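Presented below are the structures under discussion, each in the form of structure tokens.
Below, chain A partners chain B and then partners chain C, in two separate complexes.
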Partner chain A sequence: MSLHKLNAKIEDRFPKYIYSSQALNDNELYLEADPEHIIELSMYFYEKLSCTLVCLFAADERALSGSFKLYYSFAERQSGSLIILSTSIDQNNSGFLSISKTVHTAARYEQEIHDLFGLIPIGHPELKRLVMHGNWPEGNFPLRRDFSLTHKPGASNLAYGFTEIKGTGVFEIPVGPVHAGIIEPGHFRFSVAGEPIFNLEAQLYYVHKGIEKLSEGKSTEKCFYIAERISGDETIANSLAYCQAIEKIAGINIPERAEYVRVLFAELERLTSHLGDLAGICIDVAYHFAGSQFNMLRGWAYEMATQLCGMRFLRSVNKLGGVRKEFVAGKEKSLLEQLNTMQRELEDTVDIIRHNSMFNDRIENTGVLDTKIAYDLNAVGPAARASGISNDMRKQFPYAAYPKLTFRVPVYAGGDVNSRMKVKIKEAFESISLMRQVIENMPGGKNFEPLEPLGPYKKAFGITESPRGENIHWVMTDETGNIFRYKIRTPSFCNWPALCYAVAGNIVPCFPLINKSFNLSYAGNDL
Partner chain B sequence: MVNVEYLIVQIIVVIMAAPLVNGIIKKTKALSQKRKGAPVLQLYYDLFKLFKKSTVVSDTTSWIFKAAPYIVFTASLVASLLVPVTTMIDSVWYAGDLILMVYLFALGRFFMMLAGLDAASTFGGMGSSREAMISSLIEPSILVTLMTVGLTAKSTSSYQIMEFMKGVDAPLIRPVYLLTFIALLIITIAETARIPVDDPSTHLELTMVHEAMLLEYSGRSLALMELGASIKQLTFITLLANIFIPHDQFIFISGAGAVLISILIYLIKVIFVSILIAVAEVSTVKLRLFSIPNLAALAFILSFIGFMQHFVLGR
Partner chain C sequence: MFKVLKKILKYPRLTQDYPNKPITKGMFIGKPKIDHEKCTLCEKCVKRCPSEAISKGSSDHTIHIDCYKCIFCTLCDEACPEGAITMTDNIELAEKKVTDLSNELLESELQAKIKKILGRSLAIREVDSGSCNGCDYEINALNNPFNDIERLGINFVASPRHADMLLVTGCATRNMESALLKTYEATPDPKLVVAVGACACSGGIFQDSYATQNGIDIILPVDVYIPGCPPPPQAILYGILSALSRIG
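Take a look at the complex of A and B:
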């Protein structure tokens, strides 16, 4: 369905509600409606058009129009278009109607808006703090534009309010925020009766850095470095999403060679991440032999990254308008050889673990994420694909050189650790195959296209499929062409609630294994 | 009357050799992962360092927390005295038998579980409850296994069993001993918190059993706990090595030289059994917590079949 057909269909259905519609950047349809019609419209998009709410965010546009703006972004996955429903909240009236009761995935976005903008979602089923913890005083809303970046609001001591489960023999296990091992901080509150877990609540945002606030007013080049540093192991996914948004606004097409190089690095990042996850899953069940095999392979992938760009975490590879310099020329033969060796070793290792029945017993039926729940929470990436949802932004919202390459999107229906592991193994092989295709078919030409300064008040989405799933960035420029609002929605934000569901009903010692099979990022969630 | 020579030899050998077992197991595992691994003597260095360090004790703990390391260590050491490393010296066998050994370890474990609960930390209680579950499941298997061997030797004293086994020609080709050997190997793995029951090298508190109870310990207390655990491990390995692979019948000299040779051969057997345990660890994966009863049942059944084979079919 093209954007025009889609627009006509919506206007046909709701002639009075939509008072402005605008098609931008090939696949983004911006619609405006009054706040009181949002619930009805969202229900229509969600239930009738089968669109998923992929992002919901606010922007403080009081200086422009005297109101806050809410953007409900729905993805129409068949045609690869986005429907962005926006509404204005008058600055004197800080409430808006919650859509969480129909579109469940909206709940956390609404909490986020509540914490950062001070807008109150009316009728929200469980309104408590999400981003800001109890030490943040009330009445301070950092993403409002009149909140200065240097302002220090002091301390406060408000209660957080974990969900309590009462009954004989039910008790709580608090874990974290500081964990054993070198991982990021996050607090987990288990409600258990003996070993079985009734409920898990994750309190995150211990490493909230204010990235969205930090990027306000920055030039597009400076903001690139912020985007690159959102999450250490998703450098390419995040910087690519940002670059694509800016390039859309600038209206340029990047050179074909740069498109191929971007795929090469994106797949190298995916391969590295998946190998790390596979190693983690094996080590968590004390299968140290397989764990060190996968870790060794991951080391090889890091080695390959060093040879390509001199940096294991792939920073300063992307650039607005393409890639920074020539990374691949002269290294093709050695890269192909390394990929072949990796593929062989990976095949051998997978063959060994597949025949270990004790290992299979551990991962089968552990941490099942139901398909319905995965759909309702808009679970993304390998976690969704292991629960039978075949979403992959590389296919649905094609970018870079992906449309020119052949690859499959593995889908399993089990929803357990085993399925997630199988998805990651298959994707690792697909990544190796994609990298090989890129190296073999890479065209010559320039590495980047210079960018003209951006126009005022332009907006665009940048979408990538990071190793953890769909990664959605939205950029709006101010009157000088700098960043007015930069909204980042990483896959971890969507998958944390899914993890909490998957854990319920399992026993406590299985939690680390389930957690590892999701491999969620704290930094990528706590923006 | 107590044989002083025996006590001195036994205590020195047990305390000196116990940490070696951990080193050998770790080294074997490291080699299986293409790693160099820590030195074989690493646990000695660790214990030496820990004994010099001061201990931090939580304000909320009672005397049990402070007493537990001494009780655990003493119970392990006394229990190890009941399993002679060599039969070349008369042991203290008349002071106690294998049943006493089992319950001395149980005493240490009881106080370790109390200490895990005492600090009221998140993970200690979890470790204690899991330890209670595993130990109560494994206890019948230990007794049946040891009784089966004991019945063939007509004694529950390990010294007398070892003396008897010296006269049995190639014990491990006889079904009853092969089955009880495997059963005891499984029990050793379960009792000493090794994969597939527990992962001694994990950092994940939520999956821990033995380590979770020790999380609050530091300094000398921790060293005593660690040493106590490795003495217990060595004692079980001694049972395996000296009952099922007897060697003293091949030493035809007597006196101090014979004791020395006997202990050297004993150490080689300990290394062999340690490698066997390491191989079992490398090729298995940690079981689900609620699958551990199956493992205990397996040990029980193996020794019971051994018992039936020897006493019912064997006649």
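Take a look at the complex of A and C:
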């Protein structure tokens, strides 16, 4: 369905509700409606048009229009378009109607808006603090424009209400924020009776750094370096999403060679990430031979990254308008050889682990994520694809050189650790194949297209498929063409609640394994 | 079983012999260097540096690069019209903090004590106080077959109570502050604190935010700083070893 048809269909159905509609950047349809009609409209998008709520965020536009603005972003995946329903919340009236009872995904977004903007979602089923912990006094809303970036409010000690599970023999296990392994901080509260877990509540946002506030007012170039550092191991996915948004606003097409190079690095990042996850899953069940083999492969992937750009985490590869410089020329032959070796070794190791029945017993039926729950929570990436949902932004919202390349999106229906592992194995092979195609078919030409200064109050989405799943960024410029608002929604934000569901019913020692099979980023969630 | 043995024998040793063997030249992008003779003080690099690592000295009117704030993005190299700034491949940048003589004395005493108690072994507890997870992955990589830090008698432990050294990454976010302090307090004396990465050294790109600190030394006493964004495993190893005075 084209944007035009989609718009006509919506206006036909709700002639009185939508009072402005605007199509931007080829696939973004911005609609405006009154706050009281939002529930009905979002129900229609979600249930009748089968759209997913992929992002919900606010912007403090009081200086522009005297109100806060809420943006409900729905993805129409068949046609690859976005419907962005916006509504104005008057500055004197800080409440808005919660849609989370019908669109469950909305719950965490609304909590986030509550913490950062001080807007109250009326009718929210569980309105507790998310971003701000108890050490943050009441009445401080960092994403309001009148809150100074450097302001550090005084101390406070408010309680955080964990969900209590009561009953004979039920007890709680608190874990974290500092964990036993070398991982990021987060607090997990397990309610268990003996070994089985009834409920897991994850208290996150320990690494909340205020990235969205930090980017406000920054030049697009400086903000790029923040985008690269949203989540360390997703440098390309995040910087690419940001670049795409800015490039859309600037209205430029990047050189074809840069499109290919971007795919090369994005797939290298995916390969590295998946190999690390495979190693982690094996190590967590004490299968050290396989763990070390996968780690060896991962080491080779890092070596490839170092040869290409001198940075193991692919920093400073992207650039607004293309890629920084020539990275690939002259290295093609060696890259192809390395890819062949990696593919061969990966095939061998996968063959060995698939025939290890003890290992398979351990990962089968562990941490099952139901398709229905995955769909309701908008689980993304390999976790969703292991639960039978075949969403992949590289296919649905094609970007860079992906439309010109052939690849499959592996889908399994089991929803367990085994399925997630199988998805990651298949995707690793697909990544190798994609990198090979890029190297073989890459056209010559420029590496980047210089960007003109951006116009005022322009907005656009940037969408990529990171190793962890769909990654959605939204940028709005201010009157000087700098950043007015930068909303980042990484795949980890969607998958954390899914992880908590998948853990229930399993035993405590399975948690690290299930957690590893999801491999979520705390930094990407906490921002 | 045969296949497993075959694979183990195929790649018997991957471990790189760092620090005995130096890092391959030109492998990594390291510290930026200024050629002051070429520099015309146009301040283009100052304006474009994303982490405010470059500044013009108020007294001597020369351009300085603060290695601890630097995120090694190579933008200054690109921005300089005179080609006065170049990126080197030097990543062995960790430095001990010595502010005055009394500190130095204390430190040598501490070093002697550590050596006496620990011999050549060291137990490390890692704490992420708000990083992007890049540094954490690099610390993790110290345990992989390529770096295998245990060959040097150094291992990572699960609890701060078992640790001699805290390896802290990230910019000490407001939400992590008390956990970081508690971890520090739970670590028995004598202990060493090493700040890993630009965020832990200075706040890096996340400096001056409502939720972060400009470096963990605002909260904890730090012994060694390891710049980088993120520092590669070899750079972290160099820092750990220099904290033990086993290198440099």
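Throughout what follows, the second predicted complex is superposed on the first by the 527 of 527 C-alpha atoms of A that agree within 3 Å, B and C clash if a C-alpha of one lies under 4 Å from a C-alpha of the other, contacts with A are read in each partner's own complex, and residues count from 1 in each chain.
In the analysis below, a contact is a pair of C-beta atoms (placed from the backbone, for glycine too) under 8 Å apart; a residue touches a chain by one contact, two chains touch by 3 or more.
Quantities reported herein were computed from a predicted structural model and do not represent experimental measurements.
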* Asked: What is the contact status of A:K404 with respect to chain B (first) and chain C (second): first, second, both, or neither?
  -> neither
* To do: Please indicate which partner A:P142 is in contact with in the superposed arrangement: first for chain B, second for chain C, both, or neither.
  => second
* To do: For A:D361, select first, second, both or neither according to whether it touches chain B, chain C, the two together, or no partner.
  => first
* To do: Classify the contacts of A:H37 with the two partner chains as first (chain B alone), second (chain C alone), both, or neither.
  => neither
* Quick one: classify A:M296 as touching chain B (first), chain C (second), both or neither. => both
* So, A:A286: does it touch chain B (first), chain C (second), both, or neither? -> first
* Determine, under the contact definition given at the top, whether A:I352 touches first (chain B), second (chain C), both, or neither. => second
* Which holds for A:K446: it touches chain B only (first), chain C only (second), both, or neither? -> neither
* Asked: Is A:A180 in contact with chain B, with chain C, with both, or with neither (first, second, both, neither)?
  -> both
* Structure fact -> Between chain B and chain C, the one with more contact residues on chain A is chain C
* Common ground on chain A, meaning residues reached by chain C in one complex and by chain B in the other -> 180-181, 289, 292, 296
* Asked: Can you name the residues of chain A that touch chain C in the complex?
  -> 133, 135-136, 142, 147-153, 177-178, 180-185, 205-211, 213-214, 221-222, 224-226, 229-233, 235, 276, 289, 292-293, 295-296, 298-299, 302, 306, 310-313, 315-316, 324, 345, 348-349, 351-352, 521-523
* Show which residues of chain C lie in contact with chain A when the two form their complex. => 3-4, 7-8, 11, 14, 26-29, 48, 50-51, 71-75, 78, 89, 126-141, 143-146, 156, 158-160, 170-171, 173-179, 183, 204-206, 208-212, 229-230, 232
* Of all residues in chain A, those that touch chain B in their complex -> 173-175, 180-181, 194-195, 284-289, 291-292, 296, 356, 358-359, 361-362, 507-512
* **Complex interface listing, chain B residues touching chain A** => 29, 32-35, 122, 126, 129, 195-196, 199, 201-207, 282-291
